[in-house]
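Quick notes on the structure that follows.
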Amino acid sequence: PYTKLSSDNLDNGFVQPPPLRVRLICELVGTCLFIFFGAGCATKTDNLLTVSAAHALVTVWLVYVFGPVSGGHFNAGATIAFAFDGKMKIIEVFGYLIAQAAGALLSGALLLALYGTGTTLGTPGLQPKVTVMHGFAIEFLCTIVLSFVICFTTAYNKHKEAAFPIGLVVFSSFLLGADRDGAALNPWRWLGPAVASGTYHSEAWIYAVGPIGGFLVGYILFRLYKWSWNFNRNTQFLQV
Amino acid sequence: PYTKLSSDNLDNGFVQPPPLRVRLICELVGTCLFIFFGAGCATKTDNLLTVSAAHALVTVWLVYVFGPVSGGHFNAGATIAFAFDGKMKIIEVFGYLIAQAAGALLSGALLLALYGTGTTLGTPGLQPKVTVMHGFAIEFLCTIVLSFVICFTTAYNKHKEAAFPIGLVVFSSFLLGADRDGAALNPWRWLGPAVASGTYHSEAWIYAVGPIGGFLVGYILFRLYKWSWNFNRNTQFLQV
Amino acid sequence: PYTKLSSDNLDNGFVQPPPLRVRLICELVGTCLFIFFGAGCATKTDNLLTVSAAHALVTVWLVYVFGPVSGGHFNAGATIAFAFDGKMKIIEVFGYLIAQAAGALLSGALLLALYGTGTTLGTPGLQPKVTVMHGFAIEFLCTIVLSFVICFTTAYNKHKEAAFPIGLVVFSSFLLGADRDGAALNPWRWLGPAVASGTYHSEAWIYAVGPIGGFLVGYILFRLYKWSWNFNRNTQFLQV
Amino acid sequence: PYTKLSSDNLDNGFVQPPPLRVRLICELVGTCLFIFFGAGCATKTDNLLTVSAAHALVTVWLVYVFGPVSGGHFNAGATIAFAFDGKMKIIEVFGYLIAQAAGALLSGALLLALYGTGTTLGTPGLQPKVTVMHGFAIEFLCTIVLSFVICFTTAYNKHKEAAFPIGLVVFSSFLLGADRDGAALNPWRWLGPAVASGTYHSEAWIYAVGPIGGFLVGYILFRLYKWSWNFNRNTQFLQV
């Protein structure tokens, strides 16, 4: 999930930008499905490749399908970073966050119905020998990369084209972190299963602070990257 | 499998829509191959990633190859949902269903010849601790998503482009369900191996009712989604 | 490997069709690399997904890179089927077959240098409980599908676009057969490792007769498919 | 990583070629991320498919994102081969190499922070029964193929299109070598983890000589390939 919202990217033959209500539906459904298929697989298996594939594949098709409509955030970090960009109104920012939270809670309920109690429903958690700082570093570093790549690819590509590289970054990140800190990369990915299964650990703040901080830093790095292009005015971006 | 049939999508340089006999051949062959490669892999292994990949990969290339001709249903659920849409004639609907059923039975015969008796030939079935309602929920929920994504992607893309995200939804769904209820998502996926291997369980109705119901609900949700766009006439779809 | 040779498909900005010597280089190198990476992985592991991925991935990039030049056969079955089509001269057919055989023997020598004696170097062979007829059926059926899909996709797409679905058919076929009869799908895939490792079994004819027969039948089925389109002249292909 | 730098390939809507400072940033960041995600996965697991996927996936998205800016070398072998081509200035060659080395050392530091001491941090090394010559052959042969494919694909395609086949060659190469000699294919892939973990073996020269030699030979083979096209002037390349 998590691509940049831009009124310029009117893929899919729309004559006007999508209305807010439609975008909120997409954010709610997309966040729900990301957690449903991701955590739903992580509930059953701890095979690193399988769990990473599950999160990456759902990311690709969600961004492909919903990206052209809502921007495909599905992530509080992405929404806050783009709010920072100044292209979203306050009402939009809060709408996105509330829709995403509702989607996360809905997915938790679905997972609870499907797997019952007695499991963490794929709630991310630190594995043995992984310290809180290690877990925070994984969340923070991977979402910096994810945020930078989302800014980069959606600046020059349509969402449908960006879906594949963005999904691959998610794949790489989960291969790095899924068997270490559970690799949320997304506060909602933690929230949904955690609330539904009643799994709370004192270190759970890393799944909120890490991704939101990482998305902001990634966004700032992308601004710096663009600034370095135009530094001496010899070169200019055609777009962005 | 399972993309939307539309006479607008004349990919592949056709000057006229394909004749019905050609489309029925594609549905028969496609349904047969989907089950042959999917169940043929599930007969041998219960590795979650391997079985899920087998069903997803065959979906991608079948929709890519046959989608532009027949719409690439290969699924009673898809055909019934599109019949509901009013774009298929009665003769087409029955032709599609009969061709698909014939393909399913043919694939069952091929699998029986290849693996012999003494195996279920990959017939989907409930795993221990998975209740009938859990199995039904997996079939129902995953096909709602599949149906919605098929409607969504084929409304705005050529079949060749839609083949990849549709295959990924199948991948996600099998990662969720393949080791729980066997994840048919398709009545024929159950029928072919079940008839050939003589595997009947009382709960087998979930593999017919779940996918057909899910496809109908997914189709209705897509209509609602489109209706919500045009609700107050400020925004319009260019296509669909 | 194995896409259709056509002077119409002048991808890659060529102003004239490639000269025969260049095409023979591509066939030799491509056949060598297909076996080198495919059998080189099968020598080490019998994990079904890993071995299948190894053969599929190399197919995709070989067809992508060399397909626009030589047609990307890399397979005696493909060359004989296209010779049947009448579009190749006798000298081309023999040149292709000799180049492919040389590539296969070269890859066997490379594998022998890399792994030494005491292994079959990934030579395909029947697993326990798999009869000769089962093995033949896998080779024959999978290459029928492969041949049909190659004809189908290269008739309507550039080689670069066809590379992905063709590679996926190879993936599906190996998921079906790699742990049953070793899944050559290609006489050279058997020849190279077999000669280098001195592995000969009496049933090895299935790896020659199966793929060559399958490619011919797949080609004939595609002709029948096209004939069924144009049967009553109401519909016509724009291309092919 | 490792695609060809060409001022002709101005993807991404740039009105001028990127300034050197921006390209150096991309090389530093890209080399760092390739090693971070590749070696970061190899530190934890020796599953052949998982490790190979980790290196291939990060290659695809790095070339997709940074390829249009810096050419996406991320590899001393690629830079030296392209320097040989005469299209890079001396200052560019040294800049690229220094930026890549800095990225490699940075990734090593990140991995050390994440995994601590007591591990090789995924430093490539010879497995039991694999001789130094076997290891050198794997590095040398795979980078010949990689270099040839990079020259081939970037000569006729945009970097975004070339990213996928290039990543697949990396995938094939790691499936061949990751469980034999660790498959660096890149001097920096060895340097970063080796320095950070203090892992030095006498045979480590193969990870520098193999890839650099392989890239040069692959580049020369591509020049020979092009020369064979134009040998008798009947056929010409439109491009390159």
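Order of writing sets the labels: A, B, C and D. Residues in every chain begin at 1.
Everything below uses one rule, namely that a contact is a pair of C-beta atoms (placed from the backbone, for glycine too) under 8 Å apart; a residue touches a chain by one contact, two chains touch by 3 or more.
Quantities reported herein were computed from a predicted structural model and do not represent experimental measurements.
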What angle, rounded to the nearest 5°, describes the rotation that places the Cα atoms of chain A on chain D?
90
Most distant chain from chain D by Cα centroid:
B
Looking only at residue numbers at the chain B/chain C interface, is the share used by both copies over half or under half? Answer same or different.
different
Could you please state the distance in Å, as a whole number, between where the Cα atoms of chain A are centred and where those of chain B are centred?
29
Of all residues in chain D, which are in touch with two or more distinct other chains?
49
Looking at which chains touch which, would you call it a line, ring, star, complete or other?
ring
Which residues, counting only chain C, touch chain B once they are in their complex?
48-49, 134, 137-138, 141, 145, 149, 152-153, 156-157, 161, 164-165, 168-169, 171-173, 175-176, 179-180, 225, 228-229, 231-232, 234-239
In the complex, chain C touches chain D at residues 11-19, 21-22, 25, 33, 36-37, 40-41, 44-45, 47, 49-50, 53-54, 57-58, 60-61, 64-65, 68, 110, 113-114, 160, 163
